[in-house]
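Below are structures written as structure tokens.
Shared chain: subunit A. Partners: subunit B in the first complex, subunit C in the second.
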Partner chain A sequence: MVVGQAAVPRDIGILEWLFDSQSWTGANGIVASLTDTVILCTIVMAVAIVTMVPLAAWLAHTRRGEVSVSWMVTLSRAIPTFAVAGLLVPISLRNGWGFEPWPIFIALLLLALPPIFLNTYTAIKQVDPGAVDAARAMGYSPANVLFRVELALAASVILAGVRVAAVTVVATEPIRAFLGGDGLGRYVRDGLGQNNDSLVIAGAALVAGLAGLTALSFRTIERVALPEGVRRVARTATRQE
Partner chain B sequence: MILAQASNPLVRWEYFIDEWDQIQRALIEHMELTVYAVLLGFVVSAGLAAIALRFRWMLAPINGFTAFLYTIPSVALFGLLVPYFGLSRTTAVLPLAAYTLLILVTNIVAGFNSVSPEVREAAAGMGMTPFRRLTQVELPLALPYIIAGLRLAVVSTVGLVTVAAIIGQGGLGRLILDGLRRTFWTPMTIGASLSILLAVLLDGLILLAGRWATPWAERQRGSP
Partner chain C sequence: MNRPVLTMKKLIALLLAFAFVFAACGDGDGDAAVDGPTIRLRGQDFSEAVTIAEVYGQYLQAKGYDVEILTPAGFRTEAIDGLRNGELDLIVDYIGGSLTALAPDAASSSNPDEVVSVIGPAYEEIGATLLDYSPAVDGDALVVRGDSTASTISDLADLGYVFGSSAQCFERPQCFLGYTDPAIYGITFSDTVTIDFGPLLGEALAAGEVDAVVWNTTAPQIGEQGFKVLEDDQGLHPAQNIAPIIMTAVLDEYGDQLRDDLNELSALITTADLLAWNTETDIAKRESDDVAAEWLETKGLTS
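== the complex of A and B ==
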């Protein structure tokens, strides 16, 4: 099941391993594992955004689906990702789909959907009705009202939801290494399996580092992508809460 | 090997009888880990919430700290503690407790903030001591929020306990890993399903206990 393990001497230091170029290259190297993780997380996030933002925007625009909100809130807290993936692995293998990537993909997707859906839905619902009415009076078509007024004003809250989802997905993806896959979590797994504390700590640091980096880059995107006016509106909105 | 095993059924029902001891042990361990983690988390959260309520300027740093803890990947946090506490129960409980802080502190603070100033003044005007005001007026009014927080904390902890299987703890999570190692699906299916059932069951139990403890809150239920 475990394809290859990183062969690391037991008495190696944490930094010694991290700064050894051999740790980074090759099929078991950090670069390859990192790429694995980033690709999976990117696909999960892309699917979640492409499905949830339009769905939630449409539901909120037409003032429908109030019930879906409470479902999503429950889902967001209650989904036991490890158990879901563990339940899906046998199903996937029995159908000949292999250990990866379906079980972990679906488990992570379930984790990514709620924050994006909820933030999009509430953000669009809370758009100032005055702004929507003004746009209508100016002759905006319904599509233009949605895209150029509602979505534009909701952008900062939607992006915040995307950030929360991305950080959760990146932080949870390492369990994949314990469910028959690889990815960045593999060094913690290999370290635990080989009773090598240095490898465990270095692997944990890599995993935590990537999660931190994800949060940081999405905050930067929010800062750069949004026009100053929208950010100011968002700031006053959070202050009033 | 995988192809040969792939046809074994998702559940062999005789496993329940043959391996009942093991299932029972995993179930009990799962509940123990959940209870220890949530209890520890609750005690720490109560302290943090008390500080945040007493000194308002501490609220933002405390929130920031608990939110930071919440974003640390579970695999990383379990892994980081292994060199210090070994593959022990402590290594499992500390991260699990750390993850409950965000939800619990938020809800405890929100609960006490929901008590209206008029109620506080009325209680003070009736000559209640600060301690009696806290225990007989503010705490009962904050209780629905605290219980809502406890429910979320317990449900998410039951789910996270399974991850502790990677450090040899983890209750039902160990069945999942065990099944995976042997490509034997029955323990995986049982471990995963039972952990989901356990979450639903405990959630319902706390909900009922909460209804029983705060019968007056029936109307304004729907707290965060």
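== the complex of A and C ==
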């Protein structure tokens, strides 16, 4: 058997393709593509959270670099993800690192960092100073103030930042298919190349579906993980923004 | 109460001003020496096709035809659709490409006359006329690195190469399906990678990410980077001479003069010209319209 894409008939219906079991199985099936996408997005989000939450928390806790931080975040939001990945691909190839994963990983990471950083920083800075002072007065160590008061009260807004980042990353990851990779974007790419509208629309629906599902899962996590009091604080904070 | 910001007088003055501006714009190029409808021409969106469109467009303009060269967009499908829905009057395509688009089930042939005998009538069905094809050929090419042991496509059969091409190749009988079909080449590739058609194919090949890519014979990077075009020993690739296709209604308005002018130009373009244009646009990064204008001037086709 030859490795490669089976050609999808051009006159296939959108639902017909989506409900065909052949579309889901095999090396180029939806399940395999979905797995590729989810794995990459998970790694990107893990790295973004592990680096940004502690950094932003520490900067906010010590009130350092407020102006430079806000400028950097604003500028980083202006980075065109596709252009970054597209520029990195030839560089990666010339250095023998291949099409994947570095170019798309770096581009997606740059996309995920700002919302997580900004939300963590803002959330911790906005914690009621009264609560912090009270904790200090009761003899909390600086570490305890950060972990048991500031981070606890800020958790909801931090999680909201993580959710925004995750949805953006999942919705953007399909550009990888246009840069020598695969993943869930492959159906849109193949559909465009083969002039197959059904494939384009079904592929786009899959991407949108996954992004929606991501948003929903994070909402559920926020609801389950946070106590009612913290959520109320967060709601008030969001309303004030 | 509310005072109107724009009084009726001001409004009329504004409208008049706009009317003058637009009237002035519309008068741009009314010095056509040949009477007839405007010929709308649009190149496909890759550098060689853009230059070809500029060459045909500027040539006709110099001859006094009223030509509008539209911003390049889309590929073959969009070009043929443009003829069908009356958006375009003239396109220039590769005849083998037209064959795969208009008659996907027809047998492909490396003889241009056989290809033309199929696509000529197919274009007539959509009200367009295929004019003489040019000796200039930009064929499909299966390209490998210079150090590959293969010299024909058949040689790849058992090498276990990684195959790279754009998405459309994977569903075409003259491309991936033909290479892997046991009745034609029967090649077993160890993996496939989908890469946008263009310079990235060369980058991927040079980096060893893929071992064979589907490119075109006039890609200047092939020579620059020391790649090798494999011989199509089974004659799978169709003849890919370039040829203009014009809406018959427009052609009839102008009569034989337009036909003769276009055929004269097509006969002058060679494969070496295509390669030279691509080297200018892709390697030296010059603008297609300048490259086209320069070529026409050297050939003495523009006064």
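Definition applied: the second predicted complex is superposed on the first by the 227 of 241 C-alpha atoms of A that agree within 3 Å, B and C clash if a C-alpha of one lies under 4 Å from a C-alpha of the other, contacts with A are read in each partner's own complex, and residues count from 1 in each chain.
One rule holds in what follows: contacts are C-beta pairs under 8 Å (C-beta built on N, C-alpha and C of every residue); 3 or more make two chains touch, one makes a residue touch a chain.
For clarity, every value in this text was computed on a predicted model and none was experimentally measured.
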* Asked: subunit B versus subunit C on the shared subunit A, clash or fit?
  -> clash
* Tell me which partner A:Gly13 touches in the superposition: subunit B (first), subunit C (second), both or neither. => neither
* Which of subunit B and subunit C A:Gly26 touches, first, second, both or neither -> neither
* To do: Please work out whether A:Pro54 is in contact with subunit B alone, subunit C alone, both, or neither, and reply first, second, both or neither.
  => neither
* To do: Once the structures are superposed on A, label A:Gln194 by its partner contacts, choosing first (subunit B), second (subunit C), both or neither.
  => second
* To do: Answer with first, second, both or neither: which of subunit B and subunit C does A:Pro227 touch in the superposed model?
  => neither
* To do: Check the residue A:Pro142 against both partner chains and state whether it touches subunit B (first), subunit C (second), both, or neither.
  => neither
* Asked: Which partner does A:Phe178 contact after superposing on A: first (subunit B), second (subunit C), both, neither?
  -> both
* Asked: Regarding the shared-chain residue A:Arg186, is it in contact with subunit B (first), subunit C (second), both, or neither?
  -> second
* Check whether subunit B or subunit C contacts more residues of subunit A in the superposed model. => B
* **When the two complexes are fitted on chain A, the stretch of subunit C hitting subunit B, from 25-33, 169-177, 223-231 or 277-285** => 277-285
* subunit C-contacting residues of subunit A that also contact subunit B -> 89-90, 93-94, 96, 177-178, 180, 189, 192
* Asked: Can you list the subunit A residues touching subunit C in their complex?
  -> 2-5, 7-8, 89-90, 93-94, 96, 98-99, 177-178, 180, 182, 186, 189-190, 192-195
* Contact residues on subunit A for subunit B in the complex? -> 1, 77-84, 86-87, 89-91, 93-94, 96, 167-168, 170-172, 174-175, 177-180, 185, 188-189, 191-192, 197, 200-201, 203-205, 207-208, 211-212, 215
* subunit A-touching residues of subunit B, taken from the complex the two chains share -> 2, 5-7, 10, 71-80, 82-83, 103, 152, 155-156, 158-160, 162-163, 165-167, 172-173, 176-177, 179-181, 183, 185, 188-189, 191-193, 195-196, 199, 203
* Asked: Across the complex, what residues on subunit C touch subunit A?
  -> 77, 163, 166-168, 170-171, 176-177, 180, 188-196, 200, 203-204, 206-209
